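After this come two complexes, each holding chain A, first together with chain B and then together with chain C.
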Partner chain A sequence: MAGSGPGKALPVRRRRRHSQWRGLLYIAPAMALVIVFFVMPVLFTGWMSLHNWPLLGSPRWIGFNNYFRMANDARFASALRFTTYYTVIVTIAIFAVAFPLAIFVEKHRRFVGAYRTIIFLPVVVGLASASLLWVWLANVDSGFIGPALRALGLVEKSPNLLATFDSAFFTIIVMVVWKIAGFTMIILLTGLQAIPSELTEAARIDGAGPWQRFRYLTLPLMRRTIALALIISVTGSILAFDQFYIMTSGGPQNRMISVVYYIFNQSFVSFNLGYGAALSIALLAILVVISVMQLRLLRVGEDRP
Partner chain B sequence: MILSKMNASMSLSRRRRERKAFRAESAYHATGLAIALFFLAPFAITLLASFRHGTEARLPPLPPWPVNGISLDSYRSLDTFGAGVWQHTFNSLLVSLATVALTVAVSVLAGYGFSRYRFPLKNVLFVLIIATLMIPFQSILTPLFIILARLGLNNSLFGLTLVYVTLQLPFSVFMMRNAFDAVPKEIEEAARIDGARDLKLLFRVLMPLVLPGIATVAIFAFLNAWNEFLAALVLLSSNEKYTLPVLMMAVRAGRLGAVNWGAVQAGVAVMTLPCLVVFLLLQRYYMRGLMAGAVK
Partner chain C sequence: MIKRLLAATSIVTLCLASGASAAEKIEMWVRSGIGESFKKVVEAYNASHENQVAMTEVPFSELVQKYATAIAGGQAPDALSLDLIYTPAFAAAGQLEDLTDWAKGLPYFNSLSPSHVKLGTYQDRIYGLPLSVETSIFAWNKDLYKKAGLDPEKAPTSWEEIEANAEKIRALGDDIYGFYFSGGGCGGCMIFTFTPLVWGSGADILSSDGKTATLDTPEMRKAVDIYRSMVKKDLVPASAASDNGVNFLTFTNGKIGQQSLGAFAIGTLVTENPDINFGVTLIPGVNGGTSSFAGGDNFVITKGTKKIDAVKEFLEYTYSMDGQKVMAKYGSLPTRGDIADKVLEGLDPRMQVGIKAIEVAKTPYTLQFNDLINSANGPWATFTNAAIYGDDVDGAFSNAQSEMQSIIDTGQ
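Coming up: the complex of A and B.
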């Protein structure tokens, strides 16, 4: 066994080359799916965006006209504005709720596991189910929120929450916070728990108050976790669709059309598939830029923990 | 004398401290209960309200529980939409379970390949699979629609399943490669000496060892496929093929301008309960996946 002479080298090498192909065989199904249902569609989106592509009939090459059209499309601009507005507000709202929750469930007390589980429950149901649930809760006559406020005597008449932009927007923000805060809480919790307790103890002994400990110890040490939670929240919000489609059908005066909603409308309602593809490329570019920023941000976090 | 006095004052201060701790504890749990109520109430209200009589379905759920006895009216009226709630639940289950089975099969094979074999372009291909995470599938729906049509898979639950499996792959392949990486090579070598090779080695010896990883992959595949809305909305075009979330759009739209809220409540209950049950039963594996994804 120990004496591996020159005569034995050949079969070993052959077996290794053999096993090289075997490795490719194992990953072949995954690669086939990724190529057919991801790489090809991405390339195809680029190709389609250079055409006038109706649902029926033959596509016509129009060069960059779809992109010129996009630059002058006021409705796309307003979709972009609305999506940005939504992303900023919802991210702030999620963090404002999730951070205190994370601190609340970090302590080792009785029932803390139950609190964590309950807060996390809405995360595992679908956004479509959550939207449906809340559209009922927010209904003016048959729902829960308005009638309950009236029954408590807080308002005279049950408010129609989904009728005006501001109240509908607020309702959607509350729904999304209810649905997502548990997720962000768990991410932030992992960051909190990674802070060595000796450090907080030392700061406490040195006379740092709770706010000082949070501001000068917890926050800087959690930079990486916060960046991660932030990026997940931002990318998720930019892709928002279900809540606007289900809860307000685009909102009062079509003011709640997000970017994905606009792409959906162009591609599958108006059947401007080529223009929809060009819009998709724009969305894709925005997301890739954010992903690259994410990687850099996270690396910054690693350099200065 | 002095000693007993000291004892008394000590016990007094201890009692005071205990009382203070008790008060802090009570405040903590009062807050906890209020928070729990906010996160649980929407589920509880919907579930309870869905068992009210059909005549009450239009009324606000005050109180939320059925006052005039339990009834399945809401579920019956949900059944009058589309091809019936059983058919659509069956569609959703079929797509979700097929997604679980295919995702597990494909990602176990790929994870094993990436973990144990060396082959040309290995790292490039791995990064390619993970990189698809950066691209939102919402932006490639149009070509997916066309490619599926060319493959004869438009308006097909199988086509939708293949799309869902692909969406699960970056996370699943990553999870399974890590799971296989964590298995000591010695176990494999021992099994090899005993004559187990390749697929036999994979299924007989390694599978039981990566079972927790498989559970994680399976839960995420199930929940994501069960809950997905936009792709199903775009890729399914005939009524009887709809999954539950797409069916619910018809319920949400209502008939003759009137929405049957009882059917909405029943539909929400049917869509959310499986997720909650799966999560509560397999919480440990779900959280592992979340951490792996978060720490990544």
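Coming up: the complex of A and C.
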């Protein structure tokens, strides 16, 4: 009996080691992709950020100077402020539209498939094409919105929507909600559908009203789905670039320069690739911190069912 | 059978190969917004030569960054029509072909536009040669003047007169406006058409050595006030506030009474919009005097291109009498002084105003032209929109002044 212990353990350990190798083999293609297209570029960006790296000419090692410069860069600070402002507003707007839509298309009713398709349709349009479309819609003379308002007699003169910060910002928010809300709706819809109908029925029998059911049943059960939708929406908004570049080229008086726009300007307009790389690393760090914070706040991963 | 097949394919391959070597295809970039002259000279060249030029138009505000990234990525075109202001920067970066020996061998080298050659020269070697010359001028629509009861043959000589005329023209109808400019942060458009207002009266936005920003002058304040007043009185279309240069040629729609344009626009108007009856004159300064921006493009060749002989052949064609005539017809002033009179013979007499402007014209010389002036998010572009359309004129002046100075300082 005494000798059988180690004799038995050995094959188990061997088997485990064997299956570990096999597991590694399975994820190898995915790992290779991540390493080649994410880890290596990030490492190289980090390396670049320690240089004065002009687009033309040869790089020069400057240590952490790019990061020191960032700390005193007023334009970077204002880009961060604008990006935060945009992210908060657009995320609230997307959820305010997507949640009711998800509840609307979850119920079985006539033509629900058609509704889902129509609401999801703008998602498949590229963001650049959507931006160009809205540039035309918002055009003061030959567009749609301004002339339509004028034809309806709501305004005396067709307004130039993209000329002032507030109206241009509002136009962009409406465009992004129109474009993205359908996607968030689909994510929330899957969460809604995962809630067993028995639970809702039981709550109803217990006398819970619609608001109580939503607040104490639907919302807690959808926590993970909401976390996913929130992270996708927040990350996407922090990385926003196309709509500002195409629709307002940085906005009236440069007030719509997002962080990515600023990185683009530093790298390819002012040719400071090194500083652009340092800014990118900083942005990556910010995104990681925000995502971790969101997962913590929504307590995802703690309560496995 | 196989042997015959092999023979046939090898003959075809040989034909293809020899065909390719006989006629070269030159890749060339040109910036948008400089009119038709270059397009037309390429067409004329392609029609009469075996070598062909494939031209790609790049938005003017992105040309520099696109060219720089293309060089860095090894995808640069063989040659480029480069805003002459940028030639020193690219020559300094060692990315352009040295043309000194060939250029000096040209029989007409000494009569090529001297300011272009000067900007194309870096450390005594020549990297850029003149391709097109353009000056900014003031244009008015004679038909609208007549309708508004103004004398269509009398060129306005002061901005007070221009504003008064604009008011009369605006009274003609809903969609008729007195004045136009690209005010949505188009640095290139505004340095071209707006700075002559202060240059004409002796002020400038940079000190003569280019090391101090001198934006906040009484002359600039006055120029801003004139534009603000015209915007406030609704003499300028609302679309101007967000026009980033795409609609620079709005004058061609016939519903704009007056606008500062370029000599290229004369060519475009004459050839493409012959129904517009217009006059041109020099841009008045705010306190009298006149001025203009002398710009244009240099022809540069990317270092290491394999098609250098074909590129040189094309450039020699544009310098020939035929080439110069085509360019001039579409609004580019002659780059060769020795045949300028002959080139302009029989062409629209209004082109002469463009030539006259050269005498009073200025070209700011700074290696940071893109960062300071042309970039859509640079201080000058932002200033023009903020000062004319914003609520805080003093803030616009002080922000732009300090940002320009900080860009100049960090660049040294």
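Here is the rule we use: the second predicted complex is superposed on the first by the 253 of 305 C-alpha atoms of A that agree within 3 Å, B and C clash if a C-alpha of one lies under 4 Å from a C-alpha of the other, contacts with A are read in each partner's own complex, and residues count from 1 in each chain.
The rule is short, and it goes like this: a residue touches a chain if its C-beta (ideal position, glycine included) is under 8 Å from a C-beta of that chain, and two chains touch if they have at least 3 such contacts.
Note that the structure is a prediction, hence the values are computed from the model and not measured.
Asker: Once the structures are superposed on A, label A:F170 by its partner contacts, choosing first (chain B), second (chain C), both or neither.
Answerer: Neither chain B nor chain C is touched by A:F170.
Asker: Regarding the shared-chain residue A:F268, is it in contact with chain B (first), chain C (second), both, or neither?
Answerer: Both: A:F268 reaches chain B and chain C.
Asker: For A:F111, using the defined touch cut-off, is the partner it touches chain B, chain C, both, or neither? Pick first, second, both or neither.
Answerer: In the superposition, A:F111 touches chain B alone.
Asker: When the two structures are overlaid on chain A, which partner does A:Y67 contact: first (chain B), second (chain C), both, or neither?
Answerer: Neither partner.
Asker: One more residue to check, A:I119. First (chain B), second (chain C), both or neither?
Answerer: After superposing on A, A:I119 lies in contact with chain B but is clear of chain C.
Asker: Determine, for the superposed model, which of the two partners chain B and chain C contacts more residues of chain A.
Answerer: Tallying touched residues of chain A, the top partner is B.
Asker: Is A:M48 touching anything from chain B or chain C once the two structures are fitted on A? First, second, both or neither.
Answerer: In the superposed model, A:M48 contacts chain B only, not chain C.
Asker: Once the structures are superposed on A, label A:T248 by its partner contacts, choosing first (chain B), second (chain C), both or neither.
Answerer: second
Asker: Check the residue A:F214 against both partner chains and state whether it touches chain B (first), chain C (second), both, or neither.
Answerer: neither
Asker: Looking at A:D141 after the superposition, I want to know if it touches chain B, chain C, both of them or none. Which is it: first, second, both, neither?
Answerer: Touch status of A:D141: both partners.
Asker: For chain A, which residues belong to both interfaces, chain B and chain C?
Answerer: Residues 139, 141, 158, 268, which sit in both footprints.
Asker: Would you tell me which residues of chain B are touching chain A in their complex?
Answerer: 25, 28-29, 31-32, 35-36, 38-40, 42-43, 45-46, 57-62, 64, 105-107, 109-110, 112-114, 116-120, 122, 125, 128-129, 132, 134-136, 138-147, 162-163, 165-166, 169, 173, 198, 223, 226-230, 234, 245, 248-249, 252, 259, 261, 264-265, 267-268, 271-272, 275-276, 278-280, 283, 286-287, 290-291, 294-295
Asker: Enumerate the contact residues on chain A facing chain C in the complex.
Answerer: The touching residues are 55-57, 139-141, 157-160, 162-163, 168, 248-250, 252-254, 257, 261, 265, 268-271.
Asker: Going by the contact rule at the top, pick out the chain A residues touching chain B in the complex.
Answerer: 19-27, 29-31, 33-34, 36-42, 44-45, 48, 101, 104, 107, 109, 111, 114-115, 117-122, 124-129, 132-137, 139, 141-144, 146-148, 151, 158, 178, 182-183, 186-187, 190, 228, 235, 239, 241-242, 246, 260, 263-264, 267-268, 273, 276-277, 280-281, 283-284, 287-288, 291
Asker: Report the residues of chain C in contact with chain A in the complex, numbered from low to high.
Answerer: 65, 68-69, 71-72, 90, 93-95, 184-185, 237-239, 241-242, 244, 370-371, 375-377, 382, 385-386, 389-390, 396
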